[in-house]
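Have a look at the structure below, then the notes.
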Amino acid sequence: MEIGEIIFWILSIGAIASALLCVTRQSAVVSALMLVLTFVCLSGLYLTLQAQFLAVVQVAVYAGAIMVLVLFVIMLLNLSAEEFKISRNWKTVAGLLATLGIMAQILAAIFMSSDKLPHTIHANAGVLGTTESIGEMLYSNYSFPFEMASIILISAAVGAIILAKKRLV
Amino acid sequence: MTTLTNYLAVSAVLFIIGTAGVLFRRNAIIIFMCIELMLNAVNLTLIAFSQFLGNQTGQILVFFVMTVAAAEAAVGLAIVIALFRNKETVEIDKINLLRL
Amino acid sequence: MGLLSVLIFFPLVGALAALLMRGATAAKMVALATALVTFCISLVVYMKFDSNLAGFDMKEQVQWVVLPGLHLSYFVGIDGMSMMLVLLTTFLMVITLIGTWNSVTKNVPAFMALLLLLETGMLGVFLSLDLFLFYVFWEVVLIPMYFIIGLWGGKRRIYSAVKFFIFTMSGSLLMLVAIIWLGVEAGRQLGEFTTDITKLYQVSRSLPIDVQHYLFLAFALSFAIKVPLFPLHTWLPDAHVEAPTAGSVILAGVLLKMGTYGLIRFNLGLFPQASFDYSGLMTTLAVIGIIYGALVAMVQTDIKKLIAYSSVTHMGFIVLGIFSMTREGLQGAVIQMVNHGLSTGMLFMMFGMMYDRRHTREISDYGGLARVVPLFTVFFGIAVFSSVGLPGLNGFIGEYLTMMGAYQSSVLNSWSYAIFSATGVILAAVYLLWMYQRFVFGRAKGTSAAAVDGHDHSSHASTHSPSDHALNDLSWREIVAVVPLVIFMVWIGIRPMHFLATSQSAMYKLSDDLLQQKSGIVFPEQQSQPSKPMQQLPGGLRR
Amino acid sequence: MPTITQVTTTDLIAVLPLLVLAGTGMVVLMWDAFEKRPSRIPLTLAVVGSLGAIAAALANIDHNGRAFRGMLLDSTYSNFYAIIFSIAAILAVLLAERNLKDEEVVIGEFAGLVLFAACGMVMLASGMDLIVTFLGLETMSIAFYVMAGLFRKSVRSNEAALKYFLLGSFSAGFFLYGIALLYGTFGSTNLDVMHRLLLNPADAARIVSTPIFWMGTAMLLVGFAFKIAAFPFHQWAPDVYDGAPTVVSGFMSTAGKAAAFSAFVLVFDVALAPVVANTAAQDKLQFILCLLAVGSMVYGNITAIAQTNVKRMLAYSSIAHAGYMLLGVATLNAEGSRAVAVYLTVYTLMQIGAFGVVAFIEKESDGGLFLNDYAGLARRKPMLAFIMTIMMLSLAGIPPLGGFFGKYYLFAAAIRAGLTPYAVIGVIASLVSVYFYLRLIVLMYFREQGETAYGTEIGKSVSILPAGGGAALAIPGTTGAWAALILAAVGLLVLGVAPAIMTGVVQNFFVQP
């Protein structure tokens, strides 16, 4: 097993384990921290894929901005630890089975498609993942969506103010 | 050498963990975090495809997904705060209208 | 804009004008004027109409929606059968307005507007030559009738209105599917989606037989509900009983004919083979309806309900005539449509006049009217006799022809239909005459009479209704409304050829086509003497 | 290396409707931020902006091409939908003044959000790249989340917003996963590229036999089904439409659904349409779509009968209408997509009109959401009752109103595509719908205040004001609302009598450049 593969498995198992912990922990704060850990592991996986720009943005945006905001809200609202017990009624069991079924289907689809998909990372991958090439792409072919993203951000900003401001009008 | 299938499988597992979290958790903020987990799983798929196919579109899409996630976080948390002000809870079972 | 379009849409203009009127009288005058003008227009159409033409006359076609996959046109035209029904519609509308002048008191402009809207819808149904347009008018009829029953009806008006709406709608939606299906098939065969029936006549006969069966059933269901054919008749007594007088008259007089009209025009016209295959079923249901309607009518205590069930019987004769597919049967069906419109319409209207005076529908609340209101008694009697089918009046002609058609029919190939339906005629005589006897003879009843007799009739007769003793006889207005009806009843009874001639070539052609289709050969006897059986009618009657 | 290029004039002209909407949205928000006195100017600006967008779309309506390097569709299709969205925005803004005034909502903020949502919708209808589709969906949804929670003091509104937000983002996750898997199979997110690949037999065979293609299609389908509220992904719709401000519900359930459908059609009936060449694959796709359609039609209509709350009734009926339109999508051909567009046009008018009337009544009787509050409305408010009747009859599909023609066209398309059994089910389902649409008419016209529709008790009445009490009050801000209602009603009549107005336009859909 070469080194790249070992790193991949460590990061993957780390991501999955921390994701599981995030979903199952009672305390919202612990969940949030576990999610941050997942994001960091994912960032590492992006690096193994030679997507340097996104790896950095992943840490900055998700771990740095979004999760800090979430933690901030959790602290602000001073949420008590949620009581997390899986109620053992048929609905839960059925839901769990359905979820596992979907997972099995997706995994089966992925493994059955593997012969139709490329097996090795593309030769250009290192170039494609750089900030420079992504920036050029954004300002050329994808200039329209890039500009339109500003509308999402402005309506989100305005919306957040409308919803969360204390004084009416 | 790690294959594309490996990356896709990891991402599928993460996606399903997120889905299960949305379905089984009761706390709005934790559900929101699970949704973020789902989006991240998709991001991994996109980047893996992008780098194996040698096509940049996937990474561009990930960039936009991150933008959208930030916007959603702002709006979602504002909604949570607004609800908390009126109702003093963000647990879904205690919100009678919501029967997820 | 051609004459037929003017005829169809003039009432709509009148409806808008009536809606804008402030006062009740003004609205009524506008409505009456509109109805009169419409009647005159229909007379002009009658003058110009060429009754020797077997196909459609005065066709007007305007492209409405033109798409590669969808070709709809505004296409109207007239043939002998529609001519008769158009005249019946415009004529009855005038009579109804005069006859029920004072019976509606609230929201008069809206009522008049709805009646006129109804007229537009009915004329549109009879004149459309495009199935899509036909469907549109078919549904346009539904809405005003729903509101007329629901807003101005009796105690259970909402139940009746909703039942009427849902029943009719359920049939017509399946018809809609059948229409689209036919259009799509036309698209396959002719290269363009069309619902033009003159084109569909060619398309429909080459369809696979099972498809023809499905389509036939979809159309037949819709029309059978409207006719109404047993066992789909249950909406009819409710709707008739609860509707205001004008609504009942139009409902019985014209609306029911939309069903039989559709059966002739579309079921027989489009699907001859399926019509043969299902003629046994349809006629059996018709005969059951004839006898069942008569039996149920016999035990009714409510006069409007009794008349309603008598409609089931009469409409059964029409369906019988239609599915005999003989010349006599079809001609009888057409004339019977007119007869039923006149006689049942008159029964409803005259009873409505009485109801406005007494406010009760129970037969047992009436009695001895003959002495108090002789004019009413005479005219009501004529209507009853016409409905019974007394020779010399119109009802006889229609029933005789349909039964003769059923007897001779090579399609039905059994005399039993004619025999059983004849039972219905006898039963009709029984219940109608019995009702008439209890209604006009015997001892006068009412509040004052009740006081004398010591019986309690207060539950039926309110303080506003005078007793039978103090009733006013028919006013001039009412006589004006009734006399034209009587004239036509007698006229049709004595000189049926004046009326039969109009629809003769259309119906003969249809019947010949059908029988030709059935046997694959042309009947030499009918070919050589195209119009002989009808010309021999007086002799035939004696036969 | 791609070179950074100038945006061409053609590109700018193509996105003119979008630019006008976005620009007006900014201006409205700016006005609101700096001008504190309440005025009608933001509303007027929003209406003028939407009219401008309509004008721009009309000017572009004959175009047939791509803009921004194949990113955007600039054709009759996208411009037709842009007009629908702008009309919906105008109606929503006009109705808003009356509906939102007392709730201390800053009207300008609402108008701005409506315009931004409309931007997202235009992106959905013109996105030829799944990236644009995704961004459009999110732009629209984020504006909707905020709008649903606009009554900040109302717990119901908060809950609606939260539920919509959580389920909306959840479905966005599925949608995105679908995009990712399709991207993996096609190597591109561009719909034109997908279309071309599927037209090539060798590529098509490879793609159709790849399991992740089907998984991706299914995920996309789930995402769309959530957005159009199709059974069984509909659970959010009744709660959200009920809890959100009425005008917002009207806007979301019409324009929002229309936008989701416009992208749905682009993805399934245009990009993936060549799959039809492969019979087995076509059957698979068609069967799933028909299943969704039938489920929505039957479930929506039957459940609507049991509702006692008008907004919930309209919500369930909107699920049923999504089912009818899914039948159009299931045809997988251009004919079906035309029928969907035509149906969406009339659906937008009638549904927003119905919600508009509800908004009126709601204000009048302080509550007014229960069916029984409509008893005797024809006597108290004849004009409102009349407009509501037109909406109900049109929703029930009765000629000569627009709803009938739309349904006719849809079922015709379905039958032409060989989906006759499903069309028959649709017809039967719409018969069921007649029952509850009629119930409202019965209440308004045939019953007195305080009575129930069909004699049985169907929910408690919460009316507080005595009969005619509300009518005496002169309520400000009604001019615009009346204009909107009359516009919708007249529109339905005109489109019913002269459907050629729409059908003439939709004929030019989907001509490949």
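For this structure, a couple of remarks:
As written, the chain order gives the labels A, B, C and D, with residue 1 at the start of each chain.
To be clear about the criterion, a contact is a pair of C-beta atoms (placed from the backbone, for glycine too) under 8 Å apart; a residue touches a chain by one contact, two chains touch by 3 or more.
In this text the structure is predicted, and so the values were computed from the model without any measurement.
By C-beta contact pairs, the most connected chain pair is A-B. Averaging Cα coordinates per chain places subunit C and subunit D 44 Å apart.
Measuring from the averaged C-alpha position of subunit B to that of subunit D gives a distance of 26 Å.
Here the spacing of subunit A and subunit D, counted between their Cα centres, is 31 Å. Each chain gets a centre from the mean of its Cα atoms; for subunit A and subunit B, those two points are 6 Å apart. Touching two or more other chains at once are residues 131, 135, 138, 142, 145-146, 149, 152-153, 161, 184 of subunit D. For subunit A, the set of residues that touch two or more other chains comprises 106, 110, 117, 133, 137, 142, 145, 149, 152, 155-156, 159-160, 162-163.
In subunit C, there is no position where the chain touches two or more neighbouring chains simultaneously. Pairs of chains in mutual contact: A-B, A-D, B-D, C-D.
Those residues of subunit A that touch subunit D in the complex are listed here as 105-106, 108-110, 112-113, 116-117, 133, 136-137, 139-145, 148-149, 151-152, 154-156, 158-160, 162-163, 168-169. Put simply, subunit B touches subunit D in their complex at residues 8, 15, 18-19, 22, 28, 31-32, 35, 38-39, 41-42, 45-46, 49, 53, 55, 57-58, 60-61, 64-65, 68, 71-72, 75-76, 78-80, 82-83, 85-87, 95, 97-100. By the touch rule above, subunit D contacts subunit C in their complex via residues 335, 338, 393, 398-400, 404, 408-409, 411-413, 415-416, 420, 423-424, 427-428, 430-431, 434-435, 438, 442, 445-447, 454-455, 499-500, 503, 507.
By the touch criterion given at the top, residues 1-5, 7, 11, 15, 22, 25-26, 29, 67-69, 71-72, 104, 106, 109, 112-113, 116-117, 119-120, 123, 129, 131-132, 135-136, 138-139, 142-143, 145-146, 149-150, 152-153, 161, 184-185, 206, 209-215 of subunit D touch subunit A in their complex. By the touch rule above, subunit B contacts subunit A in their complex via residues 1-10, 12-21, 23-27, 29-30, 32-34, 36-37, 40, 43-44, 47-48, 50-56, 59-60, 62-64, 66-75, 77-82, 84, 90-91.
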